[in-house]
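Going in written order, the chains are labelled A, B, C and D, and every chain counts its residues from 1.
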Amino acid sequence: MAVLKTLLYLLVYPGLLFLFVYSTFCEWVDRKLYARFQNRMGPTHTGRWGLLQPIADFVKLMAKEDVVPEMADKRLFTLLPIFSLAIVLTAGLLLPVWFYSAAAAPMISFPGDIIVLLYLLSLPTLVFFLAGWSSTNYFSTIGGTRVLTMLFGYEVPLFMAVLSPAILANSWRLAEIAQFYQKKPILILPNLLGFVIAVICVQAKLERTPFDIPHAETEIVGGTFTEYSGKKLAFFRLMTDIELVVSSGLVATVFLGGFPGGLWLGLLNFVIKTLFVIFFLSLIRALTSRIRVDQVVSFAWKILAPLAVLQLFIVILFKGWIL
Amino acid sequence: MKIAAFLPELLRHLFKKPATVDYPFKKLEVPKDFRGTPFLHPELCIVCRACERDCPAEAIEITQVSEAEKKFRLVIHNDRCVHCAQCLDSCPTTPVKAMDMDHLYEIADFDRHNLKMDWVYIRALPKKEPKPAPAAPQKQPPQPA
Amino acid sequence: MTDLDIIEKTRNRLGDKVAEIAHPAPRRIFITVEPHNLVAVVAGLKKEIGLWYLATISGVDLGDHFELLYHFGHDNGNLTIRTRIPRAQPQVESLSPVIPGSILYERELQDMFGIIINHIPDARPLVLPDGWPAENFPLRKDWTHERTPEIIPGGKK
Amino acid sequence: MKFTIPIGPQHPALKEPISLRMTVEGEVIRDADIRLGYNHRGLEKLAEQKNWIQNLYLTERICGICSHSHATCYVQGVEKLMEIEPPKRGLYIRYLVAELERIHSHLLWLGVAGHEAGFDSFFMYTWRDREVVMDLLEMISGNRVHYAINTIGGVRRDLDDGQAKKILDGLEVLKKRSEFYFKLAASEPTFVARLAGVGYLSKESAMELCAVGPTARASNVPRDVRKDDPHAVYDEVPFEVCTADSCDVLGRAVVRIKELFESFKISEFLVKNLPPGEIAVKAPKRAKPNEVLSRYEAPRGENTHYIKSNGTDKPERLKVRAPTLANYPATVEMLKNGFIADIPLIFAAIDPCICCAERTVALIEARTGEEKIVRFSDLRRLARRRDHPLVSKRNTVWPF
């Protein structure tokens, strides 16, 4: 039974199948919201209300010709999409949904898993850099360096912002953090500033406007993905979608009290809370214009990092005086 | 400088009908003076060749088929037509112009030969009541929508 | 500064270099100069009436001569400097030391009429493709183009 | 590390082919070079083979966005050559369309600037509201892009009262929306951060490099053909020349938005004071040998047409100078020492219209050099042949 349950966990929910379906749904939500913010229609005709459009895009890309540039490091170039997909799927397993219990610690929930999750979510950035670098295109190379430059900007504020609820909950385990806030929902409020910072940083991590600098199409064509086509590009796009789900899941876990209620209620909680985060992500995307890479770094270090430090101070003081 | 200056506008439009139209399924109406595809009323044409001379895209071609019967052939190459309607302006027949334009705008085709329209007709006499067309056009010209 | 002022000034200050001044329409002045006086006249006009804006250079093929028209804009209309160079020896001095923005038009002139611009800082072809055959100057009147018959793919034919 | 990156002839930031070679050092541009000629159509040569009326539509097709401006510039020159005077009502309608076109072009530019800066919502909203003026133009002329309202001696379509009312209503809507965009563009911090201080062009270099239009006016050079050379109705219409002194992309945006309001004012004046009478006079088929220089302030800057007639029904010479060509030297100057991220914005800030700037020779002429024409299928075959040894290898690389 445990083996079956583990297999279900890995392959169906919240593993491969669920993440694939749900991430395409999230992309649809994101596209539809973005379109409606802009007074457009968005995807309309593939499936009901265009629900199947992201899947159709995925299938179409899978069927396209797959070109590897002659000058590229072919092995690395080919492995990177699969590698990055594996990373985000693994990260998805760490989200505390359905099959976890705070008391009995299974493999996927352990003290310190929040650090592992953050670490796994930083790895795709490195993959992007390597993808740009290994394809040897000038545009990709510039994109790759921009990825790394941005990484040094947003990563620190994100870590600090995510750690502040952990400090308040006095735990390094996602499940326990979530449980702590389920018991005392009012304590979500001191972390509000952290939530805002985390959403902005997740936006930067996912490379969406205003932080879509590494693949700014009007400047450097496809950026890191300029040379990618066919299946590899499909995998990268799927990976970005899953990363969207996982990072919004992370934000929902630590800031919005996790997903209690077993299988079905937990699933409902998961959907509602991640969509809530995705709504903000789409809103930021529609609201802003792309900024330059130097502006990202100065914004991250001059505004986000001090605010994250302030958030940490608030939490520490709060914990010392009131709790 | 204001943070998120666009926010109210965006949120307001979230629940509004989209400005775009679901095109191939719903269509917008064109104004009444829309310049569509030119076609000929062969019973009115006096073969002055003004349209052929002034057509900027050289899309109109008039040739004589039979001298004895005063039979002419007019071809409109819609694949070259730039829809400027100069042939209508140049056409001297009164009160009704022999050249006319419809309101069709979905005239794309995979084969450029399908866009060619031609008429074989007998020259009408100028400044007289238009007679019914003595020779049927080879291809039925599309009626104005 | 009205047209008459400009004509007056040009006549007074640069009278020895200017061959003819015509005033065919309001706000349009045509000055004819010899090619060797061209740069001096432009420099003089730039100094005297602040003529900084070169709109374009038109070349006209007149048979045994080329006519070059340097169209300048000023605050109150337009001034054109006209000069003629023989077809056998199509050479003219570059304006770029006086008007740096003239290079593009001069390069275009080189491409289209085969007029050699002396002392031009950048003499690469501007608009013609890389493999364009030499001694083919499309805007000369003796250069004609036979249109190849259009073959429409598909259909019954 | 210095290397050269090619922007164009195919690049997402450019909708038309032009090649900019950027020598960059990291993210900073050290040198820029412009290569033209990818889109050359041989229009000036072609014009010598067509009659006056055919050339009217030919000049209209010089540009897709400011189609009316080239046709008007040509037609007002030809009218002078033929010594005919178009009636007042015709002129009013002609320049009404011209101002509406300026509105549409500037709104389009605002959207493009938003898109180049990655501000897609701004792009979508400005283009949605641009549809209002596009619909007005379609209603007046019968088409959205190539209005073909001009004819030698006047205009081709009259304006009735219902249409005049619709134009005034549409202008009201546009005015409100434009005010909103003005506020928005000036207050959205990420957008302003991208525009301010980018693409500096001092007044001196703008004059030296013969910049025109909003590019020159944003560098505080108050040059506007409508004021300098008040042709046709522009000496009767009240309007201001809009300038800015910030000399950067933000200044160019501000100049264009200000010009929008001037255009609203002019259009309203023209509709309200539309004189009665004929809209066109009959034009002769031939023009006496003469020459004329016609100027017109297009949305992008000054159009100059030099037309020479030789007594036949075809022109002897038609020289077209589009504003974009005049702005290229200034663009190279602006690009130097900028960031890679600013290339699309700086280049878009001159509102480039490459098909305008390149018209003089190639496409029809290029057909003469038979071996030059490479069909798409040949290109594919060529690419296949070059890649052929790779095909088998490529399949082995993919691990599935």
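To be clear about the criterion, a contact is a pair of C-beta atoms (placed from the backbone, for glycine too) under 8 Å apart; a residue touches a chain by one contact, two chains touch by 3 or more.
Note that the structure is predicted; figures quoted are calculated from it, not measured.
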- Query: What are the chains that subunit A and subunit C both touch?
  - Reply: B, D
- Ranking chains by how close their C-alpha centroid sits to the total C-alpha centroid puts first chain D
- Note on the structure: Maximum distance between Cα centroids and subunit B occurs for chain A
- Task: Give, as an integer number of Å, the spacing between the C-alpha centres of subunit C and subunit B.
- Result: 42
- Calculate how many whole Å lie between the centre of subunit C and the centre of subunit D, each centre taken as the average of the chain's C-alpha atoms. 23
- Distance-wise, how many Å sit between the C-alpha centres of subunit B and subunit D, to the nearest whole number? 28
- Query: Distance-wise, how many Å sit between the C-alpha centres of subunit A and subunit D, to the nearest whole number?
  - Reply: 42
- Task: Please set out, as single numbers or ranges, the residues of subunit B touching at least two other chains.
- Result: 6, 10, 19
- Query: For subunit D, which residues are shared contacts with two or more other chains?
  - Reply: 121-122, 125, 128, 188
- Counting only residues that touch at least 2 other chains, which ones in subunit C make the list? none
- Query: What topology does the chain touch graph have (line, ring, star, complete, other)?
  - Reply: other
- When you check every pair of chains, which ones turn out to touch? A-B, A-D, B-C, B-D, C-D
- Item | Touching residues (chain side subunit A, partner subunit D) in the complex | 37-40, 66-68, 70, 74-75, 78-79, 82, 138-139, 142, 145, 209-210, 212-213, 216-221, 231, 286-295
- Item | subunit B-touching residues of subunit A, taken from the complex the two chains share | 33, 35-41, 44, 283, 286-287
- Task: Enumerate the contact residues on subunit B facing subunit C in the complex.
- Result: 79, 110-114
- Quick one: which bits of subunit B touch subunit A in the complex? Just the residue numbers, please. 4, 6-7, 10, 13-14, 16, 18-20, 22
- Message: Give the list of subunit B residues in touch with subunit D in this complex.
- Response: 1-3, 5-6, 9-10, 19, 30-31, 33-35, 53-57, 82-86, 89-90
